[in-house]
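What follows is a pair of complexes built around chain A, which joins chain B in one and chain C in the other.
Moving on, here comes the complex of A and B:
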């Protein structure tokens, strides 16, 4: 039997389209491709552009879903929570204090095993008011059983949204997932994005199947009764069991993604930039990668061997992997676009978590310096990165440095 | 006339004509641990029975969650799910939306499924009011919000809610040496709030468990009329109101006969009073004094004569001065 084989590269060219779109639009398109059933919107900048794009897709007949504009974020997340339990694939999102307004719904979703996929357009928490990026909004759910990932480009946003549905709805996982996109820098910045076809996505993403947890008259179950001290520990342990295997499932899903779409992300948990021969590295999440990489190229010209590690997955935190990666450097500088007031060493969230991972996972422990930088949408600038690199090199050379420093602060 | 509103068919649940025509099947049975003579549990039973098997029920936090649904001992014979205290509106909306889209896409059998969300007065008239209000504006979804009203946060030690009566003694409004009356607020008029504020809401009713057949038929009517619908049920609570459980049923009747709790339904804008409420409105029945109702309950034991008089005057005003007596608190003598 003769078969017609099309070279992979050529096939891809025929199928995929390229478009100049923002991070928010990329996620809207992913929702369309994933054939999402129920979407709930509520306005807050900067995440809300994703809902504007989805609204247009629905109005144009390109996407078939129930598109509901709620009267507040609490309802927004409660509506999709219940829709998901009734078998619908759902999408939702928020920013800053909007995310906090939904907090009760966010809290109950992991134990209910609701695989809602959400976009957080990272925004500073009020007060005082600021539209710009800060990571404390999404990080507020870090202990509750959510999966949390940070992306740094529109392409990665689209791809990660597809990965998110496959991962969250995996019968071994079934917990909510938030994709964090830095406000303005990613939500509103355009880039060229390869858009896969519906057929490709269909092959990669099986339909959402809630199995015997489905709420329907044919499946008479009572969901979330009062359990008290009798059972709550066992139920918490079930969510813990998810966290034990999530890293493995993430590896599987990224491998499947690569096979289906041809785009490679390598190590799913973090991206390494010029680390091979680096003496020291900086580490951070999200779109700060752009100025950091520019600065690193400049510093390299001056002979300074510095690299960058961009953390993609914060929950699950890839503790052993990242400790193994970082143990070989002379010093590490963590750039936190967040704060954790009163934490050990008064550092940001990522630095604190990383030190914990290094303590148990690294054979040798280089100094881990914490930097608080780029809060409230302030840019992480190339001079900021140069300054931080300088401090990290001093620590590498044995000169003791404060464990937390604020960078780019007005005096 | 073209419209983008897409109404879905509902189940045709005809009224039960007499108690003997009510089916034996129960969908809220043993397993709960509510108090003796709990009228809130009674409406759960009547509601589930009236709705029948092709139903899902979403219950917001309250005594009908905590006292009702212990792990391994659920009383529910239809699918039931807990929803957060302020989420009954959102829960119903989410479920109805999920069913609708899956039926449209052909991945779920296309049939009318009753979606009911219940809430207490705390969950409905206080915390969940904005969610319910938003849900009442959606014409495309068939759902019923049933608010059982025991006039307090009865699950958490009996505290005042937005529907607690004037002057009531609760654990947040105990009479003291200087102030006899700590709750100066008047009960929120929920059913008219829903029907007047939400033209999309096609059916609103007030019910009482002392009139079980009418209560069940209201639930059936709401589910048959479709769209977003709302029912407000008054439920005497032996624990919270402090009375002998044998009086539960009688207090429900007294609330109606004193004119404190009018019974009516509004379907597509048409108001229909029933029972003694109708007789009161027609002048065929003279309202009993509120004293008969108040003094049977320990929560009003601190009332002195002037408190009873004030309470009575407010009820008289409701029947004598309101544009729609007992229901709409606009004055009869409209200007202009």
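Moving on, here comes the complex of A and C:
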């Protein structure tokens, strides 16, 4: 389940309204507050809850936008791509194989500098047909120039959606951004959320301005021509230039968010929980933070000094920052709610990326153990976390451990 | 760690989806009036909901964030302080369409806690269906007809707030009657609902159920295989074809009984079942051909008998049967076992036909049944009737 609201300064709180809403509903409300112009929809669980809520807001007269139900995900993402280059602020989203069906449109959007904001309701890829959370769907675009973030509460979902528009539409960035929300635990669970006022959002979020990339009769341009080897590398280098500065812009936008809304997220890239005096840490993304934190409190009572790092931004991957953070621990256990079959050490995606970041960024390199856990929506239980912590402590004490282990598996 | 409250609502998929959501939302918001924190969610594995499939919705409430987080750290509460069943035909147990086997309705109930059932029956009648258990508990009836709506409509007959009134009485530590009234006044803005919530609060009583009291049936369950023992390629074996079976009186073999999945029975989906007059059956085959679940056995006599573990009570057989009163759908609360009707008929024809005569009198005509709405204006007709039943309680 999702974690709770982050602290709010008292003076800000009075302006905001409180509501009992799901993570999907929180994102729908953020779209309303961001005054989104074009929304495209095609149903697939668990993403579909957000399209239902937006259609309800439109039907109730609370939100004014073009709401287009496409005939499939490919068109769904193509339509917002085109609307976005014509100057519309857009919202879109999908889950699991729906996201994969849109892959061609997902692939072209970063090069065209389309700042579409999407929600991925994380879902296991078919087959077998399953609705539960797995992170491989969103991770499929990790090499393509998308910005990828994972949130763990409805409040963070709402706030991150507002941050997402400001960040993606920044003239230095202008690339698509996906907010990953774990299916069920976040998309379908109602929690108490503070909803900012329209005035606050207006102050924080400037109008969308594509500059000379706007497709308009007054600005005649042609987008996405056919090119050959004499152009492609330079085009790729332009996207690479975005990745070089994204971390700095993220820091700026979070600082602006804090100033406007009063809610503090601290380090934007990852949240640290009980790490100050920790000997070992676990690391993961999304709503697994809830059972992990509960387990850590229990383990701390037994005198086991373990902490948790929840990664918020996977693209850009905060390599130097996270390597600096982790180098001081005796061992690190990465909980992957995903798989990367045939990868180095046969670990999950996050463990593999993290080892790469540690190799270059950390002064000392503690063992990084990979755990595959909670696939297909299976619960990451408190006993699972205790088991993983135990393995990490053994590695910290010099007892060699397999680099990848499956936890909570029936054998 | 402070006190953690968990409440579970067991409901019929689609027909009671909005009702269940309104109740669990109401719990969190009423408790929030006392400064408590909470979340409300449906069991994800039950969705997407199908008509009538048993489903669950939960509310978890605590005084502080850490206690609430401990409650949220699991997929669904393993132990609840109160279970509310919003349709009494669900008392036979809930088999969600995920793979849990059949769960008794008190599956997650803490020892000594209360099970509340929306029903027009009394506790002893409900105990014929509610499975036995080792821990004692309390059973109370929220008097009323099960409130059924559809995908796009909601029958606002006050069942939601009457359940909240019962919760205020059973779990005063979760929220008081005053807090529910505040929630209704501020959020629902319906003074009539305040009257309903007070009535339910005052009337609700519960009886003690002792260990071993109730339905002796052993709910079916199974063990899931490990990854090494499973078939590969995301494949499952098909069912064998089936074949003739024996007449219980003569022992002679005949007819055809298909082989059925042992792990997936569908009877907890049923709110009504077909009862069959084997005497007037013309063997026309229409029920057998049209049954969407292949629930009919061809008896050695050539008539058709519904397998009660496979039938989900849709009523298509009754609709297609050309003979008057040969197949009649009767409310599931009238039955407490899943035995073959044809075997009973073969063993004692006279007794069976007599039983049939009294049983089909309880069958309501199709347009009167409470599954969704069949004609314009039905909603308006049903609300006063439901309120009347509730007022009489």
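Quick note on the criterion: the second predicted complex is superposed on the first by the 398 of 411 C-alpha atoms of A that agree within 3 Å, B and C clash if a C-alpha of one lies under 4 Å from a C-alpha of the other, contacts with A are read in each partner's own complex, and residues count from 1 in each chain.
The rule is simple: a residue touches a chain if its C-beta (ideal position, glycine included) is under 8 Å from a C-beta of that chain, and two chains touch if they have at least 3 such contacts.
What you see is a predicted model, and the numbers here were worked out from it, not measured in a lab.
In the overlay built on the shared chain, the residue A:108 is in contact with chain B alone; chain C does not reach it. Residue contacts after overlaying the shared chain place A:83 against chain B, while chain C stays out of touching range. In the superposed model, A:231 lies in contact with chain B only, and not with chain C. Once the two complexes are laid over each other on the shared chain, residue contacts for A:290 go to chain C alone; chain B is not touched.
By the document's definition of touching, neither partner reaches A:59: not chain B, not chain C. Contacts of A:70 after superposition on the shared chain: chain B is touched, whereas chain C is not. In the superposition on chain A, A:255 contacts neither chain B nor chain C.
In the superposition on chain A, A:245 contacts neither chain B nor chain C.
The partner of chain A that touches more of its residues, comparing chain B with chain C, is B.
In the superposed pair of complexes, A:198 makes contact with neither chain B nor chain C.
Common to the chain B-facing and chain C-facing surfaces of chain A is no residue whatsoever.
Residue ranges on chain B touching chain A, taken from their complex, read 53-56, 58, 65-66, 69-71, 74, 76-84, 86-87, 89-95, 97-102, 104-105, 107-108, 113, 130-131, 133-134, 138. Interface residues of chain A, counted against chain B in their complex, comprise 35, 37-38, 64-66, 68, 70-72, 74-75, 78-88, 104-105, 108, 207, 215-217, 219-227, 230-231. Residues of chain C that touch chain A in their complex: 24-25, 28-29, 32, 37-42, 44, 47-48, 65-66, 68-70, 72-75, 224-228, 234. Here chain A touches chain C in the complex through residues 1-4, 20, 45-46, 127-128, 131-132, 183-184, 188-192, 290-291, 293-295, 297, 377, 379, 381-382, 409-411, going by the rule given at the top.
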